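This report concerns only the one structure given below.
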C-alpha cells in the first residue's frame, strides 16, 4: 500500500468515529447480568455471575472481589482457532486480556459495599473483528451494573457497589493517521495501538499504548488520548441507556 | 411428588410435543456454515469449518473426515460452570457428547465425495435447558449442509457430500409417562432418558437409552422410539426450510 | 470381500454364540473384590474398592456412590498404544467407556443401603480383542457382588446393597448378518454396533446402537436385542456361579 | 518392636533366601515378548515392543534405542492408588523407576546390532509386595530376550542384539540384619535399602544403596552386595530356563 | 497510614531518584549474551539465546523473531512462591510480563537484518523487590546488544540488527506523590502504577498506566511520564557503558 | 580419541582432585538460608525455606519433613533447554534428582527436633558443567545448616535439628582411569558414573553407581568409593568454614 493511497474505513467512518455500537440486555436468561455488546462486527457476550465467598486471601476481610474470564469461540475468527480447553492451557493473550478486564472493573467497585462476594465477568467473543478486549470491558461493566441493580431490587444488596461506570475503546495510528476504534483490518496495519479505559468522571483507569511497528512521540500519544476520551463518552452514554431501559423493564414487571 | 399429581409441561406442551424450534442461519459471518439452533430455552451455536487436509491415518486415502467439538459457556447454566480451559482438561461428559455428534454426522457424509478435507463442527451452548446434545446434532447438520452447498456454489465441490439430513431428539419417562424433547427440569426427574438420531429415510444412526433410576422393559423403549421418530420428522422439516431459505438468499445475491 | 463369501467366526462360533467366557475370582489379593474376566482373547481385570466417604455433592445425604475407571495396558493391543499418563490426559474413548460402566453399576446398587461409601470399579484391559467395555461391566458387577458379600460376612454391611446382577454384551451386523459378542476383527467390519446392558429380571439399563457404516431400520435393532438378551442370560449365569463358588470358599475358610 | 524379638520372614525364608520366583512366558499374546514375573506376591507384567525408527537424536546413526515404562494398577496396592492418567502427570517415583529399568536394559543390548529400532519395555505391576522395580528388570530382560529370539527366527534380525542377560534384586538391613529380596513389610522397616543390577558375567550395571533411617558403613554395603550377587545368580538361572523353554516351544511349532 | 505521615524512601532516595543500578556482563558464560541487572535489591539474570530458524508463520520470509521468557526463582520473594513447572502451567502474570518484554525488544530489532533466526531472552528473577519487568527489559536489551555484537565480531552477522537501545522503568503515585522506580513496598501502596519503555531517540515503545486504587487525571499521567523519561535516560547510559566495556574486552582478547 | 592419548583434565587437575569449590553465603537475602555453590564452572543456588506445617500424612505426628526441588535455568547449558513450566510438566531427570537431594538431607535431620515444619530446599542451576546434583546436595546442606542456626539464634528452635553435615561428589571411569568430580565433558565420556553422599562420621547415605557403557567389577567400585570419600571430606571442610563464617557474622551484628 503506497503512502499516497487515501485511507477508507468501512461503513464510511471518519477517523474519529466509533463503529455502530449495540448493547443487548438479557442475551442469556441464566446469568445475574447479561449483555451482548456489538461494535461493528465484533460481538462479545458479557455475563456477570455473583457468588458468595471470596478467594482465600480476602476471607474475613469483609471485602469482595471482581475477576474476569475471556474466551473466544473457535469460529469467532475467519480461520478457526483451536480451543484452549483442547490445548490444555490458557494462552498468554487470553491471560493478558482477562487481567486487563478484571483490573478495569475492580477500579469502579466498592469492595467494602460488595461484601464477601465474588463477581466473575465472563466475556466470550462470538465474532471477532478487532477491539474485543475493549468491547468486553464496556459490555462487562453494563452487565455488572444490571446484576448489582437486580440485587438491590431483591434486597440482596442495600445499594449498588458500582461507584461509576467505566468503558473502553482502542485508538491507533494507521498510515500516520489517528483512527478511533480499530477494526481487525485496521489493527493489523497499525503502527501504534492504544487501549484506554476511562470512568464517567473522566478518570483514567488503564492506558496501554504499544508501538507495533515504530516508537511514537508523546504528542502523538496525547492526540490518541483525545480521540479515545471522546469515543468513551459515547460508550458511557450507550451503557446508561441500556441500564435505564433494563431498570424500567424491571420496574414494569413488578 | 406423589404419583397422582398430573404432570404439567412448560409452554403447555403435550407429552408428544417438541419445544418451539428455531434455526437462525448465518449467526456468525465468519464460518463456512453457521446455525443458531433454539429448542425452547436451549440455544446452541453450530459452526461448520471446512479445512484442507485430513488426520494422519487418512492421508493419501482420498477420503475426508468429519469431527465435532462441544463446549458450554460458563453461564449457559443457572449456576456458573468452570471453563474446561481453566481446569486444563476436557471433561468426560464433553468427550462423550462430541463423539456422539461426530459419529452422527459422519453417518450421512460421503467421505469419498468430500475428498481429503476435514470438517469440524463446533457446537457451543449459549444457554442450556436440556437436550443440548441433540440440538447440537440437528443444528450442526444444517450448518454442514449450508457449508457444503456454498462450496458447491463456488465450485469448490462438484456436489454436496451430504447424503441426506440427520436430526436428533431426546425422549424420557417421567412419572411413568413418556415425554418428548425433555427440558432440564424434566430430564432431572426422568427415570429413563433416550437420545435418538435418525436420517430422512428413517434409518437409525444412534439410539442411546439409559435407565437413570430403574431398568425399563423393551416395550417402553419401543414406545419412546415412536415419540422420537415423530419428533425428528418435524426437526428434519425445520432443517429443510432453513437450508432452502439460505439457498434462495444465495441465489438472490448472485 | 464379496457378499457371497460365507462368514466364518473363530472358534467355529455360530452367529448367536458368545465367546468362551471365564471369570476368575481373586485374581489379585489386594482388592475388596477382584475378577479377571475373559471373553475369548479379551481379558479385563476388574477390581472393586470400597472407600469411606462420598463426593462433595452427596455429603450428609446418607447415600453412597459407585464409579468406574477404565484403562488399557499399552500392549493389550497388537500395536502398542501410548499410556494416557504419558500423554497427560484421559482420552475421549476412555471417558465414554468409564461413564458407561459407572452408570450400569449404579442402576443396580441401593445407594441408601450402601451408605456414605464410594465404590470404585477399576477395569483394566490386559488383552483386547473386542468387547472390552461389555466384559468390563460383566466382570465389574461380579467383583462388586463379591466385595459386598465379604463386607456382609465381616459385618461391615448388614445386607448387600446389590439389588440384582447386571451384565452386558455386544451385537453387530456384519455383512448383513446379526452376530453376537463381536471379536475385534468382526467389530472393525461391522455396519452396526450395539451394546446392551441388562439386569437379571430382564430390565434394560443401557442400549447403545450405532450405525458405523449405514443407518439401520428398527426391525434390525429388535433382532439384535433378541441376540443380546439371550447372550446376557448366559453371562448372568456365569456371574452367579463364580459368586456362589466364592461364597462357598469363604464359608469353608471360616 | 523390641530389638530382642527374632525376625521372622514369611514363607519361612532365611535372610539369604529369595522369594518364590516364577516367570510365565506369553502372558499376553499381543506383544513381541511377554513375561509375567512373580516374586512372592509381587506380580509384574513385562511386555516388549519392538518398533521401527528411533528418537530424533539417533536418526541416521544406525543405532537403536531401548526404553522402559512402568505403571501400577490402582489396586496393585492394599490401599487404592489414584491413576497417573487421572492426575494428569507421571510422578517422580515412576520416573525414577522407569529410568532405572531403561538404563539396566540398555547396558546389555548391542545398539549397532539392533539397528534403527526402538524397544519399549512396559512393566505393569498387577500386585505389589515390594521389589517391583527389580522384578521389572528381571522380567523385562526375559521378555526382551524372547522378543529378539523370535525376530531372529523370523529373519527380522540376524542375531540377537542381547549381549548377555541382566537381572536385579534388592537387599536391605532390617533390625541390623541383612535380608535378601525384601517384601513390602520388610522394606518399610528397613534401615538401608539397596538395589543391585548385575549381568551373567558378574559385571555390575547399577548399584543403588540408600540409607532410609541411618547412614551405613562400607563394610555393610559389601555384605549386602554378597547377598545380592548370590540372589541374582539364581534369577539369571530362572531367566535362562524360561527362554530355553520358549525356544523349544517355538522350534516345536515350526 | 495517615495522610500527614511524610513518605521516606529507602537509600534516602528523592522521588525522582532511580535505585542503584548495576549491570554485570557475562554472568553466565554459556549464553550468547548475559547480563545480571540489579536495581536496588531486585536482581534479574537476562540471557540472550540466538537460534537458527523461525516459528512457522515466518518461514521463508527472510525475517527473524525475538521473544522473551520470564521466570522467578521460588525464593526470589520473601515468602516462597511455588514453581510454575510444579503447578503445570504458566500463570497469567508471567504471560503478561513476557509478552511485554518481547514486544519491547522487537520494537528495536531490524528483523530483516536478523534474518531467519530466533532470539530468546530468558529473564529470570533471582531476587525480587519491585520493578522486575522493567529491569528485565533494560537488562535483556543489553544482553541482546552484546550477543549481536559478538555475532558481528565472529562474522555471523554483517551488522548488529539492533536499531537502537531500549530501556524501561516504573513510576507510581504513592500518597499523592509521584515516585520513580518503585520498590516492592512502595508498589504495594501505590494508587497508580505505570511502566514506560523508551528508546534512545526518545520514542515511546510501551506505556502502561494502571489505576490500582483510583482513576487518575491526564495531568498526573504526564507528570509521571516526565519522571520516567528522565530515569530511562540514565538507564540507557548504564547500558551503553556495559556494552562499551564488553566491546573493549572483546577487542583486547583478540 | 585413541586409547594412547593421555587424559588431560582442565585446570590441570589430577585424577583425585576436586574442582575449585566456593560456597557464597546469603546469595539472596530473601531466604532463611542461601548458598551459591560453585564447583568449577558449575554454579547452583541453594535456598532453604522453612514453613510451618507438614504434608497430610505427618499431621499431628510431631515430626517435620524435608524436601527438595531442582531446576535449571534455560541457559545454564550451552544449548538452551526449554523450561519445564512451558512444557507443562516436570521431567524424569528432574524428578530423579530432587528425590535424591531430598533423601540425602532427610538422613541428617532429626525430624522430631524439627517439629511440624516443612523445609524446602530449592536448588537452581545457574550454570551447568557436570555434577549439578552432588553440588546441590553439598550446597543445600550448608544452606539448611545456616537456616537452622538462625532459627536457633532467634529462639524459633531450641537446637539445630541437623545431626551432622552431609556432602556429595561424583566419581567416574574415563578411558579406564578413575576420576574424581567429573566435569560435563568428562561425564559424557565416562564408562561408569557414581554419586556418593556421605556424612561427617563417614556413614554412607546414598551410593549410586551406573554403568553408562559397560558393566564394572566390584573392585572398581571400591576404588571409586575411595576417591569419593576423600573428596567429600574436603567438601565437608568447606561447609564447616562457610557455616562458621556466617555464625561469626551473625554474632558480630547482634
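Just so it is clear, A, B, C, D, E and F label the chains in written order, and each chain counts residues from 1 on its own.
In the analysis below, a residue touches a chain if its C-beta (ideal position, glycine included) is under 8 Å from a C-beta of that chain, and two chains touch if they have at least 3 such contacts.
Computed from a predicted model, the values in this text were never measured in an experiment.
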| request: Could you run down the chains that neighbour subunit E and subunit F together? | output: none
| note | Ordered by label, the neighbours common to subunit A and subunit F are E
| Superposing the C-alpha atoms of subunit B on subunit E takes a rotation of how many degrees, nearest 5? | 120
| Equivalent interface positions on subunit D and subunit F, same or different at half | same
| query | From the centre of subunit E, which chain's CA centre is farthest? | reply | C
| field | Averaged-CA centre spacing for the pair subunit E and subunit A, given as whole angstrom | value | 29
| remark: Rounded to the nearest Å, the gap separating the Cα centres of subunit C and subunit D is 33
| said: Please tell me the distance, in whole Å, between the geometric centres of subunit D and subunit E computed from their C-alpha atoms. | reply: 52
| said: Multi-chain contacts only, two chains or more: what residues does subunit A have there? | reply: 88-90
| note | Note: ring order subunit A -> subunit E -> ... comes to A, E, F, D, C, B
| said: For the complex, give me every residue of subunit C touching subunit D. | reply: 27-31, 34, 41, 43, 45, 47, 49, 51, 69, 71, 73-78, 80, 83-90, 94, 120, 122, 124, 126-128
| field | subunit A-touching residues of subunit E, taken from the complex the two chains share | value | 89-93, 95-96, 98-99, 103, 107, 198-199, 201-211, 214-218, 221, 225
